[in-house]
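Data block below; observations after.
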Amino acid sequence: MSDLPLVVELTILFLAAFLGFEVISKVPTMLHTPLMSGANFIHGIVIVGAILVLGTADDTFTKVVGFAAMVLATANVVGGWFVTDRMLGMFKRRPEPRDEEKRT
Amino acid sequence: MSDLPLVVELTILFLAAFLGFEVISKVPTMLHTPLMSGANFIHGIVIVGAILVLGTADDTFTKVVGFAAMVLATANVVGGWFVTDRMLGMFKRRPEPRDEEKRT
Amino acid sequence: MRVVVPKETAPGERRVALVPETISKLAAGGYELRVERDAGAAAGFLDESYAEAGAELVERSALYEGAQVVARVAPPSADEVAALASGTLLIGFLHPLTDPEGIARLRERGVLAFAMESIPRITRAQSMDALSSQATVAGYKAVLLAANSVQKLFPMLMTAAGTIAPVRALVIGAGVAGLQAIATARRLGAVVSAFDVRPAVREQVESLGASFLDLGVTGEETAGGYATELTPDQQAQQQAALEERIPDFDVVITTAAIPGRPAPRLIPVSAVERMRPGSVIVDVAAETGGNCEVTVPGEVVEHGGVVVIGTTNLPSLMAFHASQLYSRNVAALLQHLAPGGELALDWEDEITRETCVTRPEGGS
Amino acid sequence: MRVVVPKETAPGERRVALVPETISKLAAGGYELRVERDAGAAAGFLDESYAEAGAELVERSALYEGAQVVARVAPPSADEVAALASGTLLIGFLHPLTDPEGIARLRERGVLAFAMESIPRITRAQSMDALSSQATVAGYKAVLLAANSVQKLFPMLMTAAGTIAPVRALVIGAGVAGLQAIATARRLGAVVSAFDVRPAVREQVESLGASFLDLGVTGEETAGGYATELTPDQQAQQQAALEERIPDFDVVITTAAIPGRPAPRLIPVSAVERMRPGSVIVDVAAETGGNCEVTVPGEVVEHGGVVVIGTTNLPSLMAFHASQLYSRNVAALLQHLAPGGELALDWEDEITRETCVTRPEGGS
Amino acid sequence: MISDPSVIGLLYLVTIACFVVALRFLSSPRHARRGNWVGGAGMLVAIATTLAIDGIGNWALIVVAGVIGTVVGVVGARTVKMTAMPQMVAIFNGVGGGAAALVALAEWHHVVEPGAEETVSIVLSALIGSVSFAGSVVAFSKLQELIHGRPIVFPGQNVLNLLVLGGASAFGIAAIAGAEDEWVLYLVIGLALAFGVLFVLPIGGADMPVVISLLNALTGLAASATGFVLGSTVLIVSGMLVGAAGTLLTLLMAKAMNRSVANVLFGAFGQVQAGAGGARADDGRTVRATTPEDVAVQLAYARKVIIAPGYGMAVAQAQHDVRQLADLLEERGVEVKYAIHPVAGRMPGHMNVLLAEANVPYTQLFEMDEINPEFPQTDVVLVIGANDVTNPAARNDPSSPIYGMPILDVDKAASVVVLKRSMNPGFAGIDNELYLDPKTTMLFGDAKDSVLKLIAAIKAL
Amino acid sequence: MISDPSVIGLLYLVTIACFVVALRFLSSPRHARRGNWVGGAGMLVAIATTLAIDGIGNWALIVVAGVIGTVVGVVGARTVKMTAMPQMVAIFNGVGGGAAALVALAEWHHVVEPGAEETVSIVLSALIGSVSFAGSVVAFSKLQELIHGRPIVFPGQNVLNLLVLGGASAFGIAAIAGAEDEWVLYLVIGLALAFGVLFVLPIGGADMPVVISLLNALTGLAASATGFVLGSTVLIVSGMLVGAAGTLLTLLMAKAMNRSVANVLFGAFGQVQAGAGGARADDGRTVRATTPEDVAVQLAYARKVIIAPGYGMAVAQAQHDVRQLADLLEERGVEVKYAIHPVAGRMPGHMNVLLAEANVPYTQLFEMDEINPEFPQTDVVLVIGANDVTNPAARNDPSSPIYGMPILDVDKAASVVVLKRSMNPGFAGIDNELYLDPKTTMLFGDAKDSVLKLIAAIKAL
């Protein structure tokens, strides 16, 4: 099904790998778990694969497998997003302390 | 001459751009100039283009233009590398102070 | 419950057992307070302040009338004891280990006497620990006396007229007073070393930024945190080591003590003679005989150009703050023994039991 | 060139004009040195050290024989002046502005006299600036005297027996002595405020971590960095403001001075009376009459429970370091006037010209 | 219906851009939340685009599957307790891995004559996806206490695991080499599932986060491999982003626990060791160690911080650094006070001496009685080398030798961070139950070092 | 001869990897030099691969051109003085831009029926490459003082520049739209060259580094565009890496000068302003301001540092931070001493009081006479708020009011960094020629702030 030269895909893969490393290299410990959860959500992109499989399935086997894949992938996407969001709830910026408060 | 779908090239372009940003985002001021010089060397990669043009030139015009491009690109590559190297000469690691010295 | 505070009569005693601040707290807590006129004057507490705080100011003659509690600093004189009713609660420094006569007098009179120096050194009793509070003042004052007597400036100064080297100070005995002396000398800029026989002290000395002087002698620590006496061998070794090291120092402050025992002799005459003229020794242990052989308790003597300060009762020289701290110690003990103005002695209680030195024969 | 150092004879003067360390430098530099026996004893410098440093120790009687230079601390007595040969170079504190008689005596005798207090305050002369070096010692000592007299501890301490509030100290006149007093009081843990009439001082006070107390009076600064006298109006305003603020302080140290004039009266009796009993005033300006109306120069007096210390000549109480600094000042001046032991007076030179107070009529 | 591959590609490029930005934002405390939203937007674009591709059918199935997945996801994520978050991450990660494996399986079945690239990708996707799925399920079960949280070890574990993994790989190679029978891939999947289970079983509950992060990275790789199968750039890139970021994150997490990844994964082999979470009280309450970075975030985002110094600050001579930390926080608008217990240290006024030396203004120092009422309104208390003076036993436990001593009520604050070197007791020689309080975390190490690390971490925020 | 595109692609992927690593290394002081070597290796791989591609001919031309370019590059880079480095970067950048433009031109000529993608790429490459070439040449000439370094401004400059750029773009669009005549592209190139010249002319010498960095980024983009023309991933990626990195670097450089890029580029329009280099002495010597990051690198890589504090440290109450800075350096193995001038500050012993407060051990303090012989062996002297006590006029200038005062011989050290707020004089009210010494750089700002920044910068290294 692939229509790109493998080497191009590898180039892309390499760039993505390097970027993945660089982009999170300064994460504070406090964010480790939320970041993990966010990344977990992102690999839910496998849902694209699930849709492609299920959407083009013509035999029962593929339909069944595709259906299962679709259920799992959707759960990953939806659950992953909400879990991350809840975790990050605690990072709401605290209001700036008012001046009088600081002085007392 | 291009044989890749444009959108793939754009994907690659985008990844490279993001990577270019991320990869130098923590550079100290002291290294600004050497880094600029190093980057200058890297865009000497245009030499690949010059070789392709000159190496496949068949009319005089292309040969002349290609020759000029090749000269310029080579100067970029070679000069860029040596200038960077000289600049970085001052970053040689100083030898670890010997223990006796530290104590006196 | 009537609490009376006499003016101290011991010579040189400027402190007062309760200060107005504490008086007002007690007055609000069920006690009736009577203070002798001028009791706090020497420490900087005016009669007006006492009156404002809720005490009744009385003459000496009327003082002990109906007194249920007497709060003092120094032990009462024989006359005073005679004026106390049997069963009176007496709180003060009573020297239980070193003044058997005075204690006997109290016992005969049937006084219920509590000695501030016998407060056990347990966590819960820290607010009553007058030995600590007064030692704090003594340690601070010792450094001031030294700084005032030595011919040198404590801190290092680099000036247009050359550099002044910092004073090198040695503190021997790093208990409460010694630690405070270390801290104060360091504040003033001296280079401070300290020595103690208890092994735990090294870390404490270093926690104040001073260095520990190792004299090669290590003693024991009792459960109460006090040191035990050294063997004669160890003592000789310590003296010898000190004699060796002492010429390096401009100022020596000694606070070594063993509870109930005369102060250990640490600095022999020969050591004093090796010190540079103009140096100073402050012997905080002078009261119990002194850590230095040259010390004359209560006096400042010079020996070969070295000034040896044996002034006793250093806290009394800082009477304001010393009284303030002591007063809180006394009040804390009083509230422990008679909460809310009602005597409630619990002889099971460690503090009550250990602090009491005499009680009326058939008493509570 | 023979330089002689007499033992000081002024009452209470413990300092010595040259210390062994300086002697050995001078001896190596072309000078011949004679030191009176025991000249440094009171400051902690032994005769042996002088001998080792290369000085000849002589009796008083033989001292002035062939003396070309006399180095002193205090002005010479009349007898001593008589013993000097005409043309002798004399260096010392000579009080040129306040002791006309003494100066006249020197002039008559034909002495080539240089007054240490007249060293101009220019950059190049800083190593000779004895006023600064001695004021440094005085400022430090003033704080020690205060700390020793006040009934309180300087630092804040939070203890099991409650919290001791820090002493609040006020330094008036933040010249050399005042700044050193600020620094020392801060070291000991006091909360320090300071005041001076020269506007540049605010930043200097703050550079020591103290706060500037604004009394609303600002004076002028002369080219030499000294203050000028206030107008009577300003003086009244300052007194009133001080009276208002002074009850806040436990310790007051005053160093205000105008060169050649009696010390300005800053603290009226009424202000002293508003202070808390047990407070202390140290009047460093006592020598020129004192900044406080209660001050008795040379004495410690009590006024309504407030101790006012008018002790003069504070540097002499820290004679070791004070002498050391002074000695380097003297040596620097000597080397300026007679480099390598050869008199070479350059009357064009600002230091030579301004410091000289008398010279022989037909002299060099 | 879109059929132009350029348009599809461009839309997917938007998704990729969103994911990169999402990861970037997620690694900065200030933007983290926004990061999740950006990622969500990217995902929506990707899903919408894919659904719109020409030739997609089976709508009913897609919708039903989508609804089921959504319900599971929303309910799971919404109803779970905050403390159970890690297991939710584990399970959602697992289903992602499962999805990847299933897609691979479908393609295996579907593609008529797969080329080498496809086969390799399919095998990898199936293998990695299955390991991730099974491992995540075990991790979930452990954390959820469906099975025992303690490491499960047995003799020969090592050998068995190696055999299983070897088997899976061998069949995978066989498949690549041309064994086109369907059962070869089933064998790969089966063995991979087994390996996933075996691999996680011996790991203790405290180490689970590291393992989950590793499994997360694996799922990313599986997704990426699926991308190769389907020739989908968006899958390749997104999967690889997660693969790389997840790997780095795994390393960072292990480092934050002062362990190597190898130690986490294989530490239990051969020897049963105590959980890394620290000492455990008899009643099951545990001491929780923390890292300077975590404390830094707590402090920087606090409104009010109280510093309670003790003898340990003196021993470490950390006073100057403590003052600097306080200054730094104040600059950021945090209110900072010092709580001075009357007997902190080893002499009266010990803390005063040191803090004065460090030039802490007297006005910031508060006596115990003054400050005690303020603890309940305090976000974070930083206990620096103090022990006895914060021990609630003095209030609660009449049998304690320090019973009756007034203490600093640090345990009334919203959270407490204790800086000390170990679990050793202080002067009084008794344990401190404060350290077992769920609000308390311990930052172990010399106080000076720890404070310096805190300063650096706050500046890096 | 390689003909398999996969092999070529893989080799190019090696190049890309090398370049990414090179940039990463180049941005860390420790690895910078290695970075350049890695980049060089990547370049060699790319060149060798390209030469080996099936169908490459014209060997003689290639070799001759390569030799000429190499000689020019080596000679230029090797013979130039260290101080002339920036202009070398400019000129080598320019030739790269030129090469990109020429390649585009050749392709324009060469490709028979270019698609939209090709035309756009060709036009962009020619346009950007030409601007970069011409701009770089002007920058070079200014720095080399072939033309005047000062901003060259004239009325209507704005309008003219816009017109020229507009013209270039218009013809470019025409070319894309289908105007296939060769001269259209010549016009684009010609106008772009003109714009490059006009654009750089008004910018002053002090701002040149920022402009060169911008031109550098542009060349990267031109190379990337060339990659689209030739369908070469390695060109696309490498060019874009430089384009992005160069853009960020331009922003960072402008920020380090406390300017915005816009201000740098267009600041001169309308008004001739003073060079950013700072005050200028009558004899042409200038005061050079520096940044905390630069000083941090100097300090961190020094062997021996002497700190000379003065009244300014007292005013700023920076003593605690100074001690911390010294501690930090010592931890890194730098030898640190304090040089205390006898009259530094405003009272005898002023520095002692403060440094004692900050707990600096007495053994680190050295009197003037002790330390003066050590300055010649010192790498960096950090003068913190001291002025008069470091003024060489006291040695050299008999007319100076401070002539004859012994001073700290800080000017004998290898380099001097002065921390003060302004060029204002100190107590003595006189200028300090130390500040004009080429070895001296000034770090302006409150001493406490500056020291805190230094600490942060050293920790970030």
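Per-chain numbering from 1; labels A, B, C, D, E and F assigned in written order.
Just so we're on the same page, contacts are C-beta pairs under 8 Å (C-beta built on N, C-alpha and C of every residue); 3 or more make two chains touch, one makes a residue touch a chain.
Keep in mind the model is a prediction, meaning the values are calculated, not measured.
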When you check each chain against subunit E and subunit F, which touch both of them?
-> A, B, C, D
Compared with subunit D, which chain's mean CA position is the farthest off?
-> A
Is the C-beta contact count larger for B-E or for B-F?
-> B-F
CA centroid of subunit C to CA centroid of subunit E, Å = 56
How many Å are there between the centre of subunit A and the centre of subunit E, using C-alpha atoms for each centre?
-> 16
What whole-number Å value describes the gap between the mean CA coordinates of subunit B and subunit C?
-> 77
Subunit D and subunit E, separation of their C-alpha mean positions in angstrom = 68
Residues of subunit F that touch two or more other chains: which are they?
-> 20, 24, 233, 237, 342-343, 348-349, 353, 356-357, 359
Can you tell me which residues of subunit B touch two or more of the remaining chains?
-> 4-6, 8, 11-12, 15-16, 18-19, 22-23, 26
In subunit C, the residues touching two or more other chains are 126-127, 132-133, 136, 155, 157, 159-162, 164, 187, 189, 209
One finds touching chains in the pairs A-B, A-E, A-F, B-E, B-F, C-D, C-E, C-F, D-E, D-F, E-F
Subunit E residues touching subunit D - in the complex, by the definition given at the top = 340-343, 348-349, 351-353, 356, 359, 362, 365, 367
Sites on subunit C touched by subunit E in the complex | 122-124, 126-127, 132-133, 136, 176, 179-180, 183, 187, 203-204, 206-209
Which positions of subunit C touch subunit D when the two form their complex?
-> 14, 41, 43-44, 46, 126-127, 129-130, 132-133, 136-137, 140, 144-145, 147-148, 150-153, 155, 157, 159-162, 164, 184, 187-189, 276-278, 305, 317-321, 324-326, 328-329, 332
Show which residues of subunit B lie in contact with subunit E when the two form their complex.
-> 5-8, 10-11, 14-15, 18, 22
Of subunit E, residues touching subunit A in the complex | 15, 19-20, 22-24, 26-30, 32-33, 35-36, 39-40, 43, 46-47, 50-51, 53, 55-58, 61-62, 64-66, 68-70, 72-74, 76-78, 80, 82, 85-86, 88-89, 91-93, 95-96, 98-100, 102-103, 105-107, 109-111, 117-118, 209, 212-213, 216-217, 219-220, 222-224, 226-249, 252-253, 256, 291-294, 296-298, 301-303, 333-335, 457, 460-461
